[in-house]
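Below you'll find the structures, each written out as structure tokens.
You will see two complexes here that share chain A, one where it goes with chain B and one where it goes with chain C.
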Partner chain A sequence: MVADGEPVETAEQQSKKAAKKQAKEAAKAAKKAEHKEAAKKDQESNVEAEDYSAGKYGIAKLIQSAETHSDRKFVKVSDLSQFINKGTVWVRGRVHTSRSKGKQCFLILRQQSSTVQCVIAVGDEVSKQMVKFSGSISKESVIDVHVKVVPVSSSIESCTEQKLELYVCEIYVISAAKPQLPLQIEDASRPENLDDPESLNIRVNQDTRLDNRVLDLRTPANQAIFRLEAGVCKLFRDILTEKGFTEIHTPKIIPAPSEGGANVFTVSYFKDSVYLAQSPQLYKQMAIAADFDKVFTVGAVFRAEDSNTHRHLTEFVGLDLEMSFKYHYHEVLHVIGDTFTAIFKGLRDNYSKEIAAVGQQFKVDAFKFLEPPLILKFSEGVAMLREAGVETGDEEDLSTPNEKLLGRLVKAKYDTDFYILDKFPLAIRPFYTMPDPNNKMYSNSYDMFMRGEEILSGAQRIHDADFLIERAKHHGVDLQKIASYIEAFRFGCPPHAGGGIGMERVVMLYLGLDNIRKTSMFPRDPKRTTP
Partner chain B sequence: MVADGEPVETAEQQSKKAAKKQAKEAAKAAKKAEHKEAAKKDQESNVEAEDYSAGKYGIAKLIQSAETHSDRKFVKVSDLSQFINKGTVWVRGRVHTSRSKGKQCFLILRQQSSTVQCVIAVGDEVSKQMVKFSGSISKESVIDVHVKVVPVSSSIESCTEQKLELYVCEIYVISAAKPQLPLQIEDASRPENLDDPESLNIRVNQDTRLDNRVLDLRTPANQAIFRLEAGVCKLFRDILTEKGFTEIHTPKIIPAPSEGGANVFTVSYFKDSVYLAQSPQLYKQMAIAADFDKVFTVGAVFRAEDSNTHRHLTEFVGLDLEMSFKYHYHEVLHVIGDTFTAIFKGLRDNYSKEIAAVGQQFKVDAFKFLEPPLILKFSEGVAMLREAGVETGDEEDLSTPNEKLLGRLVKAKYDTDFYILDKFPLAIRPFYTMPDPNNKMYSNSYDMFMRGEEILSGAQRIHDADFLIERAKHHGVDLQKIASYIEAFRFGCPPHAGGGIGMERVVMLYLGLDNIRKTSMFPRDPKRTTP
Partner chain C sequence: MYELKTLLPAFDITVPKCMYAMKSLALKRDGGTPEVSGSSICSSTDPILQSIRRQIDMVLKAENASAMTKLEERQEVVIKQLHELRNQLQSMRSSLNVCGKTIQHTQPRGEVYESLPDIVINAHPKFIPYALLAIKNIWKDVFNIDVKCYSHSTIVSLDQEAIEFQKQITANNSSVKSPGIKVTLIWKNTEHTEMISSPTMYVPIYGEVNIIRYLARVGPQDYRYEDTTYSNDIDVILDICYQLLRCQTAKSMQPLLRSLNNRLQKQKYFTGDQLSIADVAVCSSIRRMPAAAKNLTENMNKWLTRVKQVTLI
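Moving on, here comes the complex of A and B:
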């Protein structure tokens, strides 16, 4: 077998060691795959049989950019239907599954979310040795195949390309996977059917997935989740840019805890200590005071909270915005609400394939929203909860169960998975929140919810230095620590409001997933900082 | 004066304290501005004089969203020309300068980069008291004016709106600036003329600027720099998205130093220690191994280097990309080169106003580039340097002076401010760099330069685990610390290459500025972590 695996390109100054090792691994896999009987037959008949496919298959030498192979026409799996019966093309993909059957080998080749069947069958151009070699390639290896695209009479149900298959005339291993994988892509991709207790046995658990994220991310659902996540960021930025916002970048290294002191990570900074920003709050507001008028920023946000829940991370991506207004913070509230509506529409219209791919694995009801979005007062929310039998105080924050219950009540009454809760009690908001001028108990602040979970918190901020001091004192905030924050409002600052959105939460809740670790590519929580 | 300063709106439940304080500050400023003579006259004649403008000017009460004033039609300063002789409109802006002259007060109102002259002159609708009040408003205060837009016969040179002025019929202070400012916007905006030794005296030094960044950022040049910076990010993302790249987000908290151990910040993480990522290198590559094919990420990057230079920051924004290729890393090199070309074109075509605004303060030659970009080999660069009399070794990295000199030589020979240097010596690149298959001394790596300074470093990476181990050992890298990095390549990985770009450097060098602190909104260096 190793002889088959020799480099097909003449080596000039190659790294032989690496190539040899690749060959060895593939050979090992091949040995396992071989049936004893086949091995026996080989011994009898193969000794002198000429390999007329020699040079048309094997382990390619490590790609070090020695050649360009510019004559090879590569086609994406999803574009193959355009090449049916039109000469030969090249495809690079992974071995998803492999099945040998007498003189034939069937490989399913996977390329991101697309799959296609390859047939390597003994014939005029394909030798027995080439078929055997093909069957020996370990799953998840990256291969190049030179193929004819042919139509099939009955649909191939197990592939995304169901109307065609590929007749292989050359096959090379570009990068071999080790034969023993810590998880199988098929298992990691299996639909979660909560009604079927049997299915629990064949799912891959969260930690195994995250420990082997490079494999886990190859499932169709994960390929879709992170493409849709990129879409959320793109929509957020494009919509706000269209509305006249300017993107800014705010420092993650800050000299003092920005919001009072709890829950910040400390960093050794030369001979000093600094902190990781819990939000871009101060800097967004400084940009407003510096005449940028409307700003947004997308970046890492850090929370040193020992919260081990389905929706907390220690590092996440914040989609933050801040905007000056003329007289009423609802000018901003409506901009944010409209931004969400436009994001939901953009996802629905441009990411339907991704939403469907996630739906294949995770059963989810389509996300519903109203246009314009529903705005309720906090007090109205409290009234709805009380009507449902919940005891809750006028100035009491929503507990997680109450938040979820209210989401269900709102859904039942208004048929929307997104709504805005306005006018939160002043007592439960940060010191820089503008009080309601008409009712001492409330404030000009709001939260926004998706499927009954908070995804944005925002408010009109106090833009007057002395009033800010008064409120900070009331909250027992150390004025020394926020001196530069206060100073920023001594040079004239327009009234402004804004909010911060947790990106991973938006994706999780839009798709109806059950854990924020599913929507963070490399999640960080109190117990996980790897890989 | 304080009587004039009373809130013009009937207060319902207002925050009186804040409003009073604002009034007091404005009054204090007014007192200073008053000429003694004028004061005397007032005493004599003003006692009984009726103020027929009462209620048409004053300190507005703190905007707490009590009213919407939806009847007020606000117009941007840059749109005012459309409203000449067409009734009245409202404008919100800052008092840029103010000059009283008998019965008239001239204010220049500034809105971001636009300025316009306001006239408050005693007449049928404007009382002496209103003129006096207008003259008393401190510079940088945010005000609302209700105005008629009228044409002027001779251009107003000191404003961006030169063909018109505003006749004020109402004027309210929305947010008062304190009368003593730590720096004057006019001083901070003054052109830097290096030939004129006198001009040195009236410039504002860098630390004063950064200490008072909220004021400093209001200069026309800074307003333009950070809008153009947003443009660089937008272009980078849009161009790559168009080319089929997917945006990803990589963690800043990492379990071990990614590139050997030096120059990383340590973070206290619950009972553990973690580190701040020096680059998204590992995670970009994992995304490639996870089949995302082409990825980019924009985010904070941290370097614990005690480098106090014009081009080093401890925290900056990385524009990173990574891309799988078929056979030769030049497939990627060309994509990166084309991306730069498209960014330069996008800036030239869509940000000409911003480029001109920066040019008003900083004398800069327009940025030149070739299409397609110039690609030189490292050895060719060395030859050019030697021809110019520089002694440098074949495997020696470019020193900063040599880098700059080479930039000048290239500019003289090829007339381009952007070029690519390919095939760096292997010895001076990180362990994960793919060696050149044809010449042991070199590697498949490249840097890219703008105006003779490096702005991108990149390479083909080693995508084979065993070869990676071999190279890591050669570099003396602790294999334990990079175990998970190596493991990522054991499950099949396509060949790939990429690079990382320093965003602030691109903006600095595109605009020809002399210090990276000019292109970081809130810069962080070994000596500065504020504001």
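Moving on, here comes the complex of A and C:
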């Protein structure tokens, strides 16, 4: 190829043919330039002469609450179908994608999980310049559009509002996004089709997602996940309040490690050092001793466990409850079990849209459960494992693989993703667990499982100070360190039991996601404290 | 015994020395007479032989008492050996059994039936397994069916009929304390009523009548029909019930009901005077198909009232 403006020195050596070619090339270039010039002129004249849409598009002034624009009627994208052929409305949303085609510009507007197609086409009210401007708005910018809602004959597959499109009369950029995005929303929300070899395999790394969490959270799946997470909390609160529980708030700064002492964060506290609460256990129990009867608490819990697994966070939201009972801790066990069932039912009935949205991206089976929840004895679980050929001791804790296997066995037999194991061996439970009255080997303690992973661990606690001391001695616990805990039971305390769950873990397992970081908005783990 | 005539005239036989002397089988007790026994029994007039015969009789008479006790001992041994053989056969039978259940033929009724694996039954609330309730009621004094009910998340709510059934099936009305079999009944959006016993050997049993068959095999002795003369009849009736439960229209039930009526005739129950699993199956099938109940013959109606008194469904 010969480029324009080839050095003249070489021309002498060139053959006639080449010279001819060069001349032709030069002519072409000249023509092109001429054309360009003409087009430019033409455009310039247009700007001056024909922009009849001026003032109906552009970058809006920074909103400082100077005007109210109370005449502008805003409509949610999901409600647009009610406004078909009914005058004009305003919509605020983000530019999801845009595509310019000469005199037309197609722009997909996104509002949370809903998307709708906007058309900006040259016409009586829309000028060429307005179309050009619309095409140049960067993705993810926030815009206001004044539109007519029009039905379409063939449904638009790429949008959630498939039966209609918007004819734009006015368009303003409220907040522009950087033209270069660290990740594309489209890539981040692409379905994970591991089986389909023909699907696009562009994926966004977990770390890239977490580093740019603000963008990542805009995907439909993430929108749904965190709305569902809010649902879990709301249901937990509503159901327990209904059952006569009182919500309490417990301190997160504590003077002594509440459980053991190995996995606790130490923070400096003026001239002293204190710890971050690993669980509200002690405070829940003190509330019971203070006659609150039934209490629950929702709050941050900290664990200094240096484990980088799919299910460990260093800070998470704990949903804890504690309740006094009359004679048998199964009164409590059934309340907790029923609470779970009610949460699952609430999610199934009121959050089906969110569950479906998550399912669009992450293909998982719907969560299955039984009502009332299935309760198996620990010994029965061990028997099931043995039947499957696993060798495990009567007093041995379930290892993670065994826990998963048992989950699969229970699923195969009872077809439930949620079940309760009751009567754990005393030897593998904390010192404050009440022993079984009939068999010294077992205790009044229980674990609950979702999709084969433990989510709740609870027990009847010893509410008698002297017996507690005896058990603590047996476990070799330093009595001085738990003096205040024991002291709480010196003034009379009703028998009580309880348990706690991690909200993120429950949401992860309910949806069948593979990583707890997907269900924590800004996850904290041993390697990440930002953003 | 037959008496044989001597073909040859009696004469002394010189027994060759080169061969073993065999003891006479008939004269086992008489160690000292290795003579040919045939000639000694025959009615010979030979004085020598006669004297020998007398001698034998004498010996036999003398040892008669001890021989009798020995015979008795032998008999005891034989009986013992037969018993062992029977046990062996039984263990072979149970080990070859397809369902892996222990055959408990030797257990008398009312005893504790141990080692039965607990079972899970999945049923749609629209297709209530009434047979289970019928069997539970019939067996209440001999075999305890302990049922726990659950609703699967695929079922949003139970209708009144299912709730009523659940109340009855979970009631503890058995006079037998220890449970014969533990049943977990799960209301589930499932096409077939199915039974699962072991998650590791996950081969479900489909259809209500097949669950009846299973229970009939493991339940009380009186209802085990496999070794009875009716086994074929009962199986046919169970199969008719299976088809009956699949009928969509009242018309398609007609031939099935007719053939049931033909089998019942004027009998008290389908297999005569004794209530059997077949009665339970037909009764519960009719209970579930209201259309079938309307088209019964007078004879069948009488039978149904009779059976309902014990099945309570």
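The definition used in the following text is that the second predicted complex is superposed on the first by the 476 of 531 C-alpha atoms of A that agree within 3 Å, B and C clash if a C-alpha of one lies under 4 Å from a C-alpha of the other, contacts with A are read in each partner's own complex, and residues count from 1 in each chain.
In this text, a residue touches a chain if its C-beta (ideal position, glycine included) is under 8 Å from a C-beta of that chain, and two chains touch if they have at least 3 such contacts.
Quick caveat: nothing in here was measured; it's all calculated off a predicted structure.
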Using the touch definition from the top, say if A:255 reaches chain B (first), chain C (second), both or neither.
first
Using the touch definition from the top, say if A:227 reaches chain B (first), chain C (second), both or neither.
first
When the two structures are overlaid on chain A, which partner does A:242 contact: first (chain B), second (chain C), both, or neither?
neither
Touching A:268, do we find chain B (first), chain C (second), both, or neither?
first
After superposition on the shared chain, which partner residues are touched by A:176: those of chain B (first), chain C (second), both, or neither?
first
Chosen between chain B and chain C, the partner touching more chain A residues is B
Using the superposition on chain A described above, determine whether A:522 touches chain B (first), chain C (second), both, or neither.
first
May I ask you to decide whether A:368 touches chain B, chain C, both, or neither, giving the answer as first, second, both or neither?
second
Using the touch definition from the top, say if A:186 reaches chain B (first), chain C (second), both or neither.
neither
Residue by residue on chain A, keep only those touching chain B in one complex and chain C in the other, then list them.
none
Sort out for me which residues of chain B touch chain A in the complex.
12-15, 17-18, 21-22, 62-69, 72, 74, 92, 94, 111-112, 140-142, 174-178, 181, 213-218, 222-223, 226-227, 229-230, 233-234, 237, 241, 246-255, 265-270, 272, 274, 276, 282-283, 286-287, 289-293, 298-300, 302, 304, 306, 314-315, 317, 326-330, 434-440, 444, 460, 463-464, 466-467, 470, 484, 488-495, 503, 520-522, 524, 526, 529-531
Residues of chain C defined as touching chain A within the complex
120, 122, 150-154, 156, 184, 186, 188, 196, 198-200, 202
In the complex, chain A touches chain C at residues 344-345, 348-349, 366-372, 374, 384, 387-389, 408-410, 412-416
